[in-house]
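Paired with subunit B in one complex and with subunit C in the other, subunit A is shared by the two complexes that follow.
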Partner chain A sequence: MAEARLKVYRGDSGGGQYVEYKVPVEAGMVILDAIHYIQGAYAPDLAVRWNCKAAKCGSCSGEVNGKPSLMCKTRLDDFDLSEPIEVRPIKTFPVVKDLVTDVSWNYEINKRIVPFTPTNTNTDEWKIYQDDVDRVQEFRKCIECFLCQNVCHVLRNHDKKDLDDPKHLFAGPRFMVRIASLEMHPMDGANRVPFTKNEAGIGYCNITKCCTEVCPEDIHITDNAIIPMKERVVDEFYDPVLMIWRKMTGKK
Partner chain B sequence: MANSRSMAINDKLGQTERRDSWWIEPLLSGLGLGLFGIYATWAAFQGTNFEWGPYLSPFYSPHINAPWFPLSPAFLILPFPLLFRATCYYYRKAYYRAYFMSPPGCAVGPAQKGGTYTGETKFPFILQNLHRYFFYFAAIFILILTYDALLAFNFDGRFGIGVGTLIMVANVIFLGLYTFSCHSWRHIVGGKEDCFSCDKMSKLKHGAWSRVSIINENHMRWAWISLFTVGFTDLYIRLVASGVINDLRIL
Partner chain C sequence: MAMIDTRYETHEHDVIVVGAGGAGIRAAIEAAEQGLRVALVCKSLLGKAHTVMAEGGIAAAMGNVDPADNWQVHFMDTMKGGKFLNNWRMAQIHAQEAPDRIRELELWGAVFDRTPDGKILQRPFGGHTYRRLCHVGDRTGLEIIRTLQDKAVHTPNIDVFMECTISHLIKNGDEVTAAFGYWRETGKFVLFKAKAVVLATGGIGKAFKVTSNSWEYTGDGHVLAYDVGADLIDMEFVQFHPTGMVWPPGVAGLLVTEAVRGEGGILTNSKGERFMEKYDPARMELSTRDIVAKSIYTEVKEGRGSPHGGVFLDVSHRGADYVKRRLPSMYHQFKELADVDITTGPMEVGPTTHYVMGGVKVDPETAQSTVPGLFAAGEVAGGMHGANRLGGNSLSDLLVFGRRAGMGAATYAKGVASIPAVDEAAVQRAIAEMVEPFERKGENPYTIHQELQMMMQANVGIVRIDADLRKAIEQLKRIQERAKTTSISGSVTYNPGWHLAKDLKTMATISEAVARCALQRTESRGGHTRLDYAEYDPYWSTVNSIVRKNADGSMEVTTAPLPVMPEELKKLFEEEKR
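After this line comes the complex of A and B, so read on.
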């Protein structure tokens, strides 16, 4: 039987190292299966967060040979098994233990976004057409695996995560998606555009599209959420003609 | 909440655990943009051989007679398409990765160190927000180049088609696809609306927005094809005008 060698990161917030394990390969095996095998055969204390093993819960985010990916969606037969496969926790968020990271920073960001604010609270009168929710439905596919947050260089390399200083804060692709899903909702009456610019730091995004590349739900994060939000920010803050127009007409 | 510091803030330029050839893409796009830049600058300095028969190079269109201007008229024209492409949402990705290495690849260490990164919040990159205005100019150029392509069927008052005609027509089609698949345009024609069924106008806007969205998905493809065709159109006319090759008449 073919055998894979996995170098798995073992450690905690104080530091760690890679430990190599040998795993017998079965047909259709994914990285998460191999991790489970390691837990069963060698290391019952190996920590990994997972729930569904079907790319729907967004728990098992990791970096396999340096690529941010869901461990349950990464097949062993995509790798050259003559070399060890490196599995590590996502880099952008602090390690709790082994492959488990503390992603609670994301929940703090989430709390700051004004939730859905319906213009008409009588839901009996709601009539929403498919055309109006197509865009929003794409964003609702998000499983909050935070791979986009992890790969985004603004958070990953520049660490713009200072919750106390909006000058050093970028909400990250996942929350640009959430903001876009609310802003484009036909029944929503709140305006989150100033928040998007001033507190969520959309200007930090330089649209290098890594978030879109890693999204396991294939959400076109950059093209459909971030760029449209950037354009809405331009409408309110940068377009000189629209600014003069608003001054002259007094319209919003 | 625990300290949220990233483990990658000290990653050096190019540092990564990736083992695939992530550097090929930025290398190729950097080379492509660089080669086009060199050719376009050279062609703009020539000031000659930009027209032949009914053909006019896109680098020198519209015809400008400016004896007061010390350089070739191409330098009065090229800033407009250049600014459109420089602020384009696709090219930004390409050159931020290839030239600024910010970052050079996904999950690869960038050139800037942690706190120095300002993204598009400071001058000059804050000017990327004016992309829509450069789009307006680019759209005017599509009209001008369409007119040129129509004139390219007129061989001394007679209808005709040469290889140059086909090249000019193809060029304006690809430039048009690139220009009108622009993300800013997608926003302006309807993307800015929150409701597509609320009134008659918003239905029209939804139609426009959906159509732009279809070609917008391939914005990158149109960006590269049209960059090639616009350079090639100039080169072809230049070679014909300087007598290196003969234009083949088809009709």
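After this line comes the complex of A and C, so read on.
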């Protein structure tokens, strides 16, 4: 039987190192299967998150040979098995242990976004056509794997995650998607544009599209969510007509 | 040996909800909206519970596509699907309240697929007379859990504790007054004191080898309730979903949603025969799950299976665009994990352990268990689905009875003047039990778990006989003893081996309940098939199975008469016959 070698990051907040394990390869095996094999055969305490094993829950994010991936969707036969495969936790969030990271920051951000605010609370009167919600449904496919958060350089390299200082905070692509899904909902009446500019820090995004490339749900994060939101920010804050109107009416 | 901190932190709330799937979150929202302080505790991250994996849809007689639909028909379908072992009142409440729960989800931001005239679209599913399942492609569960999650985090008075596992319930006298557990991240112990406790922990599938369920489905809530003296009912009824993936080995058991058949998928054997013509010519592929699963089992057993021991399921005749739009995650699942393009050819499928109909016995109105102050909703609760659950009836069950459990717990908690005292000796016993695996030398829990799964699959699986069930009960005794002697290496921080050491005991207990109930019920009905008693038995149509813990710790299995259906509901079935 073919054999793979996995170099798995073992460590915690204090640091760690890679440990190599040999895993017998079965047809169709994915990285998460290999990790489970290692737990059963060598290292019962190897920490990893998973739930669905079907790319539906977004728990098993990691970096496989440096590539941000869902471990349950990454097949061993995509790799050259004569070389060891390196498996490490996502980088943008602090390591708890081994492949598990502390992603609680994301949950804090979500709390700050004004939730869905319907303009009419009698749903029997709603008429929503499929065309009206195709885009919103694209955004709602998000499984919160946080791979986009992981690769975005604003968070990964510049660490704009200061929850106490909006000047140094970028909510990240996942929450641009979330905001856009609410803003584009045909029955929503709230305005999250000032928040998007001032608190979610959309200005930090310079449209590199790295987030879109890694999204396992193929959400067009940059083109469909971020750019339209940037346009709304421009319209609302920098549009001269709107600006005069605001001055005249005293409205923000 | 690892140094373990045996101190614990304490939290006080009016209501603690254990489990943050659809049922748990809905319960928490309800209790909080009644003005109570709620702790919502779950062992994964928020939003990752099993509910996220639900695919096909949520059943509710909205009548958007088939205006003739109404609660009475939904009620009758549910009772028929459950082979009349359901608690009739739960089935009635469920059918009546499901449409309101859907409207409420929309109001909280859920975006379902639409009809051409701008309403929520509904699709057909097995056992449902009308097109009844509201859905979002094949990711309905994600839509529901995300909606509930966002509602909950913006509802005041709900404190969320995630990656926190409850290992013990603690009683004071007759009442449950606290839940004890640990943070997975740090291994630190934690005590939640409360006036009422809601269990919403989901199912037991991890006791079987081939399953669509995740690591979370170890029967925690079932056994937490059993251990404090609550009755469980109908534990022999485990649903083997007819269509799981069979190949490659790593994904064996992964669910292939019933929506594939709902969207016109056809089942064939190795001879190319559409075999459902033999077993249920009227409903064909959209027969109930128990019947389709047994049909597939029979085809394979009689040598007409596919190369990897399943049968073929083909939806490619609907055309590539249609399939990709209606079943996007199935398309990706097969493409990426099995190298199969379902828009051009068939998939191979076979039965997989999917859902447990049995669970904590509850009062239909309040969701209270037989122990005061302890409530249960969702998959962990029993009664609603009888001997077999219809597809789509779980998601609606979660919302309807999650809400009722939240209300029931809130009402109960309001009647309790202050947070009751906690029995410190019981807390110390819980701590000692948790620490033990670090202190002794013994077996690896993974090894025993694998044996348990193989054993359950072989002896208590889709078809059962007396001798196998007795063998299973014997072997379970030994597994239970071994589970008390496992040992663990490493530290308490995020240590899956340690978690499994506890889960293993839980699974061994719930497995015994399944095996004993299966032995007791000498007939075949719904999810429970006995080769030695292949037919319905009139006696067994009048009783539910009951599981209870004796004072000496042994398991007692008995029966209780079914609640009697009122005349006006009985009449519905008689009128239909005429």
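Simple rule for what comes next: the second predicted complex is superposed on the first by the 238 of 252 C-alpha atoms of A that agree within 3 Å, B and C clash if a C-alpha of one lies under 4 Å from a C-alpha of the other, contacts with A are read in each partner's own complex, and residues count from 1 in each chain.
Operating definition for what follows: contacts are C-beta pairs under 8 Å (C-beta built on N, C-alpha and C of every residue); 3 or more make two chains touch, one makes a residue touch a chain.
What you see is a predicted model, and the numbers here were worked out from it, not measured in a lab.
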| item | value |
| --- | --- |
| Clash-or-fit label for the pair subunit B, subunit C on subunit A | fit |
| Contacts of A:185 with subunit B and subunit C, given as first, second, both or neither | both |
| Touched partner set for A:11, first subunit B, second subunit C, both or neither | neither |
| Inter-chain angle, subunit B to subunit C through the CA centre of subunit A, in degrees rounded to a multiple of 10 | 140 |
| Partner chain in contact with A:46 - subunit B first, subunit C second, else both or neither | second |
| Touched partner set for A:88, first subunit B, second subunit C, both or neither | first |
| Which of subunit B and subunit C A:73 touches, first, second, both or neither | second |
| Contacts of A:158 with subunit B and subunit C, given as first, second, both or neither | first |
| Which superposed partner A:203 touches (first subunit B, second subunit C, both, neither) | first |
| Contacts of A:166 with subunit B and subunit C, given as first, second, both or neither | neither |
| Smallest separation of CA atoms, subunit C relative to subunit B, angstrom | 10 |
| Intersection of subunit A interface sets (partners subunit B, subunit C) | 102, 129, 132, 185, 188 |
| Touching residues (chain side subunit A, partner subunit C) in the complex | 12, 26-30, 33, 39-40, 43-59, 73, 75, 96-98, 100, 102-103, 107, 110-111, 115-116, 118, 121, 123-124, 126-130, 132-133, 136-137, 140-141, 143-144, 182, 185, 188 |
| Residues of subunit C defined as touching subunit A within the complex | 44-50, 52-53, 103, 106-109, 111, 113-114, 116-119, 136-137, 139, 142-143, 146, 150-151, 153-154, 185, 214-216, 247-251, 254-255, 329, 332-333, 336-339, 444-447, 450, 488-491, 493-498, 500 |
| Touching residues on subunit B, where the partner in the complex is subunit A | 1-9, 11, 16-20, 89, 92-93, 96-97, 102-103, 106-107, 109-110, 112, 114-115, 117-121, 125-126, 129-132, 183-184, 186-187, 191-192, 194-198, 206, 216-217, 219 |
| Residue ranges of subunit A in contact with subunit B within the complex | 13, 63, 65-68, 86, 88, 91-95, 102, 104-105, 108, 129, 131-132, 151, 153-161, 168, 170, 183-186, 188, 201, 203-210, 213-214, 222-223, 227-228, 230-235, 237-239 |
